[in-house]
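In what follows, a single structure is set out as structure tokens and then discussed.
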Amino acid sequence: MVNVDLQAVLEQIADEVGALPGRGHSADYIPALAGVDPHRFGMAFADLDGRVHGVGEWQVPFSAQSITKVFTLALVLAKDGTGLWESVGREPSGNPFNSLVQLEYENGIPRNPFINAGALVVTDRLQSLTGDAGEDLLDFLRAESGNPDLGFDLEVAASETAHGDRNAALAHFMASYGNIRQPVPTLLAHYFRQCSIEMSCADLALAAGFLARHGLRADGSRLLTRSEAKQINAVMMTCGTYDAAGEFAYRVGLPGKSGVGGGIVAVVPGRGTLCVWSPGLDERGNSVAGVAALDRFTTLTGLSVF
Amino acid sequence: MVNVDLQAVLEQIADEVGALPGRGHSADYIPALAGVDPHRFGMAFADLDGRVHGVGEWQVPFSAQSITKVFTLALVLAKDGTGLWESVGREPSGNPFNSLVQLEYENGIPRNPFINAGALVVTDRLQSLTGDAGEDLLDFLRAESGNPDLGFDLEVAASETAHGDRNAALAHFMASYGNIRQPVPTLLAHYFRQCSIEMSCADLALAAGFLARHGLRADGSRLLTRSEAKQINAVMMTCGTYDAAGEFAYRVGLPGKSGVGGGIVAVVPGRGTLCVWSPGLDERGNSVAGVAALDRFTTLTGLSVF
Amino acid sequence: MVNVDLQAVLEQIADEVGALPGRGHSADYIPALAGVDPHRFGMAFADLDGRVHGVGEWQVPFSAQSITKVFTLALVLAKDGTGLWESVGREPSGNPFNSLVQLEYENGIPRNPFINAGALVVTDRLQSLTGDAGEDLLDFLRAESGNPDLGFDLEVAASETAHGDRNAALAHFMASYGNIRQPVPTLLAHYFRQCSIEMSCADLALAAGFLARHGLRADGSRLLTRSEAKQINAVMMTCGTYDAAGEFAYRVGLPGKSGVGGGIVAVVPGRGTLCVWSPGLDERGNSVAGVAALDRFTTLTGLSVF
Amino acid sequence: MVNVDLQAVLEQIADEVGALPGRGHSADYIPALAGVDPHRFGMAFADLDGRVHGVGEWQVPFSAQSITKVFTLALVLAKDGTGLWESVGREPSGNPFNSLVQLEYENGIPRNPFINAGALVVTDRLQSLTGDAGEDLLDFLRAESGNPDLGFDLEVAASETAHGDRNAALAHFMASYGNIRQPVPTLLAHYFRQCSIEMSCADLALAAGFLARHGLRADGSRLLTRSEAKQINAVMMTCGTYDAAGEFAYRVGLPGKSGVGGGIVAVVPGRGTLCVWSPGLDERGNSVAGVAALDRFTTLTGLSVF
């Protein structure tokens, strides 16, 4: 690590990824995202002290979407401890991120906090704990990234609400098992608002720094115990990239969490955090160029956990 | 790591685990294994140079069972490269280890090489490549462990064959999709023989050393590329403990592979390998005391990959 | 048939059923129904000319619940022809009546019009065709039964709405596939109102008479073609009693439709219609005494279609 | 019925079916059947007294395949009563005929005796009861059809055995649950031999006559009680045409059983039996022209049970 010129590595990756033939398609089920050029690309690495290296559009905000699920999970664990795990599992689902099948076989307990059903439960609990899940999350992200301008994109949130029947189905379904505490429309409003937050690669890499620092926030205060930070990294490794978690672990070998906005955050425990953004998605909802870039990163630097 | 007294850690773990109230039950579907006392316990750590620390019954041979799947996978990748991945996936299954459901939805391609269906495909390929999968595996294990006395337990193999209808169903089912090359009875004979190998914690920790040495064998020769070794570790992390891989990653945070004989092998990349044995299993087929011991090991030493 | 004394048969059945040891439990997920005594019993037979034989509480109104699905299906087919079958299948589901699993594998097209998902689609279409599905249904039932006092039980409807998360999930889920035309809350209001209609055995047997008369209404006018009437009977035979349709056909051998209020309507094509009511349900949601009574009826009279 | 000129009806049907545009494809997974011209066609009606009307190739033998499952079921019920139903269900499967999924969820108890898994259990029991399931079946079919020349087509049986991995998987899978009594290879040999029997439309219509005669054999002796005959008809109605039973009931409205040789037997209780043959199959394994011919038959004659 001492000998790695990270800026040079990032620039080499940007060059290589620029030559990738297929780049996938932008998420088409959220109209406000569908128009984004799938060839855009940015990548940033933040070290433990908050120094950031970047390449491409690493300072351009994009829709964080499911990446925010890492932060709501951390906030619920920080505020309420491990009781959450009675309502959400920690196993990979082996199924698409919005599947209802497994939920039915398992009586309304979602497999893990990163599939949509699980994230709905986490947001439901954060809302119960804070009274305003969205604001609480925003405060945290602004503090960690040092960017006071972070905010919701209400157009994206409205767009998702209008096309949100699948998530409404998931929420009502879990409510039928008693696993949702807020009224479903309230929960959905908070959930879609949370997903709509706009952040850059730099913002996200910095905000996730507590996972590389074994639980310590940017200001040195403790958010999570060392053990809790390890646990979130483990859940990201086994469940962070929808039903492609095995493939991501195989190629990249780092805990990671993707979003349909095209972003992926990855953690090198004890070293730093990465965020890559490119809006073209593969059929499982992960950024094509993003996974390729992280694959190259661990190969070039040897910074895989394996 | 420099400051860790591994022998002291292992002894502390043995003490703590000795006080565990519930210990699970020995595998009851293999009559030859059903009689083993679930309270037996051994644990060993092998460093990169082959030095072994041990505690309890760390030198007592037990039935390796599914742990052997790590080695057959490595041998097929070493001999034949990544073509294997066209016939076997790399995703966690989210289902019990001997489920046929997913296999049907996915047209006879098993989810990963560590569920029974996937391991049958790997053994099938090893048999095609070597003409005698069992002997080839045995040669490798003897060389890496330095123990020339390793052998099959034919009584256990016969016992599994007599109760092997589920595996016969899996093999015929995949054959109906064209994903098995050997005659099914031949394949099953090799598969059950392979699973019956008897090894001690010390033997297994040493034999798995190539995964901690990024692909190098005990004699310094290269079995796998650094990238291939990383990949096997990644598959162990996401798929190595049946449908409890998420839980294992969450608690232990190391790549691991369990067997119904009660053994678990775990890898600390760049540091060494662990093997723990205790025959009492939880309802998912993993050693109760084994998982607890590895959990304590990573907590006490900080040697998790996260 | 000429020689059958139907009144005597019904009385014999009432005696025998009265001696049944287990009678099941009233539906407990609808609080307004949970308090009904499972031992209540009534049964009626209406011939083609509208003459009714009855025994027990055959004139006491009860909550028709899913039996109403037969009538909404007939009304949609009468008004709109077979286009409905592009949005709803005609196959038994092999799964519980409120399952989401199959719906997901089959892209939001419910298996048949008698599982909840299918009935929601039928009510959605009736609402689109008439502007007021509930009133249209009520008009039809009043005319056929000759009972102008039929009405909704708004307490039951409110009770179901309050516990209606599962049906809300089904409706949103199908809406996500574009298979629902009304706003989901509007649809659910009509659906629960429809299910809450209170009718006696006599009312229901008379109202279903068009199915025994090959499509002719009580006043001799044609509601359905002979072929359409045959088709509804066929769907009742294969799908009318949730995931126990095979068992019902095996024991009773008549087209039938049950409801969780404890009622069952059955059709003897060309002869007449039966309705039996007893609130105690088996684990699949069918009236225990109701199925037993119909089983005895076909055995005593030979009036099975087989 | 009195007024129906059955010969004229059959000839009209043959004309109409001859003009059908698409005719499907012959079964391609059994090489010995794949070569048969999908446009061949024959149809026969046998009345209760054994008089046969026929059209087209109604006297040409073809491979009876799954139609034989009706007869083995009747023989087991005749010899052993209803104990069979503890090992086989009576519900439609809602899944393809050779699915393993449901079998796993339901612990090795097949849904009904007409899917492959269920038929394997029935043949297993017949073999246990008689010592030679195939010969026993052949004796029965020869007696009922009056055709002493009926026999196995050993080429077809060998062809199925060579491609029988899916059925071997089903049998081993059920054996793993203890639901198979014969050694699996023995069972498979009998099963494939049974399916290979060659019969004409006339033979099959006559052989099924006991189902129209409420349990009486051709010679007037009783094979089954009236209730048992009703029950087999009911199972044919709800489960006789793979996962298209609802569609078949909807279009035809008679109990029926199809085979991948292109034959379908249908029962008009109290009137007679039909058999139609045309080798072109739809995607669910039922004869395209066969279903169309039966659909026309019930429409032209009104002889549906509904």
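We call the chains A, B, C and D, going by the order they appear; numbering starts again at 1 in every chain.
Just so we're on the same page, contacts are C-beta pairs under 8 Å (C-beta built on N, C-alpha and C of every residue); 3 or more make two chains touch, one makes a residue touch a chain.
Quantities reported herein were computed from a predicted structural model and do not represent experimental measurements.
S.K.: Looking at the contacts, which chains touch chain A and chain B alike?
M.R.: Shared contacts of chain A and chain B: no chain.
S.K.: How many degrees of rotation carry the C-alpha atoms of chain A onto those of chain C, rounded to the nearest 5?
M.R.: Answer in degrees: 180, to the nearest 5.
S.K.: If you average the CA coordinates per chain, which chain's centre is most distant from that of chain D?
M.R.: Farthest by centroid: A.
S.K.: Roughly how far is chain B from chain D, going centre to centre by Cα mean, in whole Å?
M.R.: 48
S.K.: State, to the nearest whole Å, the distance from the C-alpha centre of chain B to the C-alpha centre of chain C.
M.R.: From the centre of chain B to the centre of chain C is 55 Å.
S.K.: Could you list each pair of chains that touch one another?
M.R.: By the stated definition, chains touch in these pairs: A-B, A-C, B-D, C-D.
S.K.: Looking at the complex, which residues from chain B come into contact with chain A?
M.R.: Interface residues on the chain B side: 89-95, 102, 111-112, 226-227, 229-231, 233-235, 237-239, 243-247, 249-250, 253, 255, 267, 269, 298-299, 302, 304-306.
S.K.: Would you pull the chain A residues touching chain C in the complex into a rising list?
M.R.: The touching residues are 99-101, 103-105, 165-166, 168-173, 175-176, 184.
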